[in-house]
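Okay, got some structures for you below.
The two complexes that follow have chain A in common; it is paired with chain B in the first and with chain C in the second.
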Partner chain A sequence: MKVKFAIALLVLWSNIGQSENLSPINKEIQTLREQVISLNRDLQILEQKLVYPSETKVAVYVSMTIGDYFELDAIELKIDGVTQTSFLYTDKQNQALRQGGIQRLFVGNIKRGMHDVTAVIRGKGVDNSEYIRAISGRFGKMKNALTLELKILDSSAVDQPVFNLVEF
Partner chain B sequence: MIKQAKRAIKNGLTYAFFFVAMTPIVHANAQESLQSQRALYELDYRVALFHHFQGDDLKALREMSRLESLPSKQFIDNLARLNKGKMSLSFGLIDNADNILTALDRNLPSSIDSSSSWLENAKYHYKSGNWLAAQQALDQVTEPLDNVATEQASFFNAQLALKKDQMSRFNNHRNNVIEDKDLAAYLRHNHLLTKAQAGQITQFDLLELITQSFTAQDATPQSAEQQAIAQRSMLVLGYAFIEQGKNELAINAFQRIDIDSHVLEPALLGYELALNNLAQYSLAKNVFSRLASRDNLSIYVQEAILGEAYSSEQLGDEKTSVAKLRQGIKRLSAHKSQLRSLLIKFAVDSSCFSALIDQNSSFWCHEDNQDLLGMAFIEMLSQQQFSFLSEQILDVASLTNNLQQRSTQLDVYNELLNNKQKLSVSRIQYMKQNNLKKQVADLIARRDDIAKRITFAKGVGNGSFFLPPKEAALLTGVKKAAMRFRRLDRSNKQTKKYRTRLRRIEGLVLWHVLYKRDENISQTDYMNMQLNEQTQVLQDHLQQLIDDTSHMGEVRSQLADIAALKQKTLQQIDVSRELISRLKHKLHALIEQHFTQRQSQLSQAITNAKFSIVRLQDASYQRNQAKISRITGDK
Partner chain C sequence: MNKSRISYHVLVILMMFTLVCCLHKIAYATELNSLARDFTLKSVDDDNIRLHELRGSVVVIKFLSHRCGSCVASLTELDQLYKKYKAQDFIVLGIQAPAPKVVLPASEPVEKANKNYNSNVVILETESATAIASNRVTEDIVGQLIASAKQGNTPPKHLSLAKVGFPILLDKNSEVQKVYRINDKPLMVLIDRFGYQRFLYQEQASAQRDSYQLKIESLLAQKVY
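Let's turn to the complex of A and B:
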């Protein structure tokens, strides 16, 4: 019976939260991870040059400051009346935005000249009420890439979320 | 002189004014450009954070790595470095994280961020098992942190204090871990483990655990993690009480473990042990029987088979005991034989072994082996080392998958560029053959025509070249008439009269000629302007041709980049496949070792069971002999 007791103790007597020492194969996996990051980066740079050259590139970012008055459900982005992308937000993505992360919502190509950009924002406002708001702007595409940021801010003055579409 | 001096002063002042006025403009432009670069950097950096906060650290690190390759890397501050360290830790780049965090700590010992970086550093050292370095890093956490980080720092401090057996320090830090219930549960469990190993578990520990985790608390429901830890803690208490001989308390502890708990089997075994110790063999036998009837023949079930026979023996039911032992031997032998055949199967059929590792690809293993595979899989799950290796294999497989996706993406870009190249070539050919040559020929003809007219105009000098034939003939006629009149008698009145009229006509003709000449010159100018425009078009086309040609060079360089990337990607895919293969070999060896050990354990259990049978039979025989002797003696 003592043997059984020893077996059970062997299984039990392990400290939770303690991890294994790094083995040589772990080092190799780390190197592989580094290489994967480096390849992903190089490919992204190549993609930017190839698919979205700055002469035609347009990028739209989404940021949220505080976010107490608003929970984002979805955004539909239109350029010159044509829907470019629609995005549904998860709780995790909402949380990431509240923590200070910025989402690269859309990257695409447009011609030089003036363009109408519209974002239709859906979500839940204070008291969990449905909230739909469209925000538009007219922006000029020049030689450089056009970069826009859709800012979702809390306005304590009106106890409502405020939306801004600004150019960099 | 005075005027010149005034002008010079005026010009000098103008230049000075221009210089003074333009300098801030140039400076302001540079500043504006820097601000714009910074704003763009902030966007990309926070995109990296967006991925990091969602747990997608590969994308987060890719963004950070891209930022580091751009001129905007000048804006990367210590907070960004700290976050990169955190991303690296989460992505398993422990060495990179250590380099980043150590450098950060060395450079900025008094910065407001240094405490967070020291905490990350401590986490890294703790994770890699370097307790001393972890404690040294934690000692540097002097600045106030947010609540979550403060509790984390207290958790690691408490864990380290426990390892050093500094109980007062442990309690101080443990008292700071309030909000994070999971961390608090870990600390309580590890504290109980330490006490159990030192033989210091008391009834109070049991009561405390019951109050904290086993009493209905509707207001603050426990997370699955907390419940699992509490079950494990209760198991620790149960075995600690058995060791102390407090079997009633042990039973109290084991009885609180849930029927669907992951520690049910060791709990049942402990419960039976406590019952046996209390000589409650009948109850123990029932519980042994319950555990022994479980399908999965784990090490606990194996012990229960023997325990059930032992309880029967203690109850004086030797017959049942022998029967149970024989049943047990049969079951243990069958399991041993299954393990042996599985090992043979793995040795001859690697696809069968892969099916076990990949868990879902049993399709590749023969149908007859499915039950065996299921059994092997359960065996595998019971060992942490297997799950650790399996996780590593899945991890590397996901990296391979990412590389394969990138490889496919590269193929798409390669095709895209090839199409672009073909388009450029065809455009150049079209322009060369149809458009450009025609335009050049046309322009040459026009140029020659205009040049010829201009040369003729210059040669004649009177502009007659510009006259249409009718006007030119009229002018010649008038000139001939005038010559004839000159030869006539000048005193003749009639002649004088005609000469005057002829002079008027000659004047009129000359006026007409001059008018036509101006008109023609203006026409020539217009043609010249057209020629210039055409030349401009030609130059534009030529520029486009140059652009296309240089673009071709760019496309060729991009194609070369893609080829290099593709080669690098394929190399890494090979590396990752080789890693997976090595990990599988390692796992294979471990499984073989484990199954061999299990066979030895089973053999030992079978031998014990056989020995018990022999012992029971011997005892029975001796009792019978004694009975016979007694009867014959009596007689």
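Let's turn to the complex of A and C:
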């Protein structure tokens, strides 16, 4: 009986000893994790800079204000007549845009100089009517990154959505 | 001596056969444990459906080929499973591949139109009564066929009609097919509640039905904490 009690105490003591030894190891693991996350972030930033250098970078963002007059279905983006990207929007994505979300529709590279940017927007209006609108603009690509914003606004004056393509 | 030689040769032939079977991937199911690639496609009912928004549900992606007339039977079976397990967050997505563009004039009679096809054309109708077709038939002809089928007439041999309750998505540019590496063969992908591809089936006989039904039930039994 006494032997069993002694063995149980021994096992307990060794476990406690082990848990005390584990604590600095846990801290070390936490530190390593933080370093890995930080490294990963730096690598991603570096990757973005290498793949999309500011001399050639162009980015297009989409935002929606209120959105009562328009339900976005799809956007097709063209630069100099060439389709760069097209995107279909689900109900959840529409809701996210209405709540203030901004979507990065496209990021790519273009040469310096003047470029024509066209966005073909499809959706549904107030009375479920089909909407197809194309808006375009001419923008100059200089040394800095070109950032454009495609705004979808509600115009209470005409009870219709209004689309703008502007530089950020 | 002769017997041992014969048995040796038989063994070699068996091993070769097994190797060939593995290489040709005749095996019914291959488990995959990677995250299913996301996509957004427009459905027949004009809704945009995104795969990653269906996380939390067990998803079956059924790739439909316009050449696969025998797919109609498997679609009916899938539809039965869909109705049975719908309440348990089970979703089936049918992805329709585009067919080569051979558009007939609307005035051409249906019988003459059928003779122009050397493969089966699968026409599907969802519960919302929206009809889709491959690009080989015009909408007028599809409308005629649907109406004819509703009256109880058997569709012509070249055409198969299946009524399903799950969404049918249109992969117009074959983008999703390229991502999932579909080479014009009907394929089914089973995705678990966490968005991971778990099982892959190539269309074989309906003998696989029990197999994939068991897999679906095992995925449905998975708990999400």
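One rule holds for everything that comes next: the second predicted complex is superposed on the first by the 126 of 168 C-alpha atoms of A that agree within 3 Å, B and C clash if a C-alpha of one lies under 4 Å from a C-alpha of the other, contacts with A are read in each partner's own complex, and residues count from 1 in each chain.
Definition applied: contacts are C-beta pairs under 8 Å (C-beta built on N, C-alpha and C of every residue); 3 or more make two chains touch, one makes a residue touch a chain.
This one's a predicted model, so the numbers in the text were calculated from it and none came from an experiment.
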Which of chain B and chain C A:73 touches, first, second, both or neither: second
Which of chain B and chain C A:85 touches, first, second, both or neither: neither
Between chain B and chain C, more extensive residue contact with chain A: B
Chain B versus chain C as contact partner of A:61, first or second or both or neither: first
Touching partner for A:160 - first (chain B), second (chain C), both, neither: neither
Touched partner set for A:118, first chain B, second chain C, both or neither: neither
Chain B and chain C footprints on chain A, overlapping residues: 92-93
Touching residues on chain A, where the partner in the complex is chain B: 1, 4-5, 7-9, 11-13, 15-22, 25-30, 32-47, 49-51, 61, 63, 92-93, 95-97, 99-104, 147, 149, 168
In the complex with chain A, residue positions of chain C that touch it: 40-42, 47-50, 53
Interfacial residue positions of chain B with respect to chain A in the complex: 36, 39-40, 43, 46-47, 49-55, 58-59, 61-62, 65-66, 69, 91-96, 127-129, 159, 186, 189-190, 193, 196-197, 229, 232, 235-236, 239, 242-243, 266, 269-270, 273, 276, 299-300, 303, 307, 310, 388, 392, 395-396, 399, 402-403, 406, 409-410, 413, 416-417, 558, 561-562, 565, 568-569, 572, 575-576, 579, 582-583, 586
Footprint of chain C on chain A - complex, ascending: 73-74, 87-93
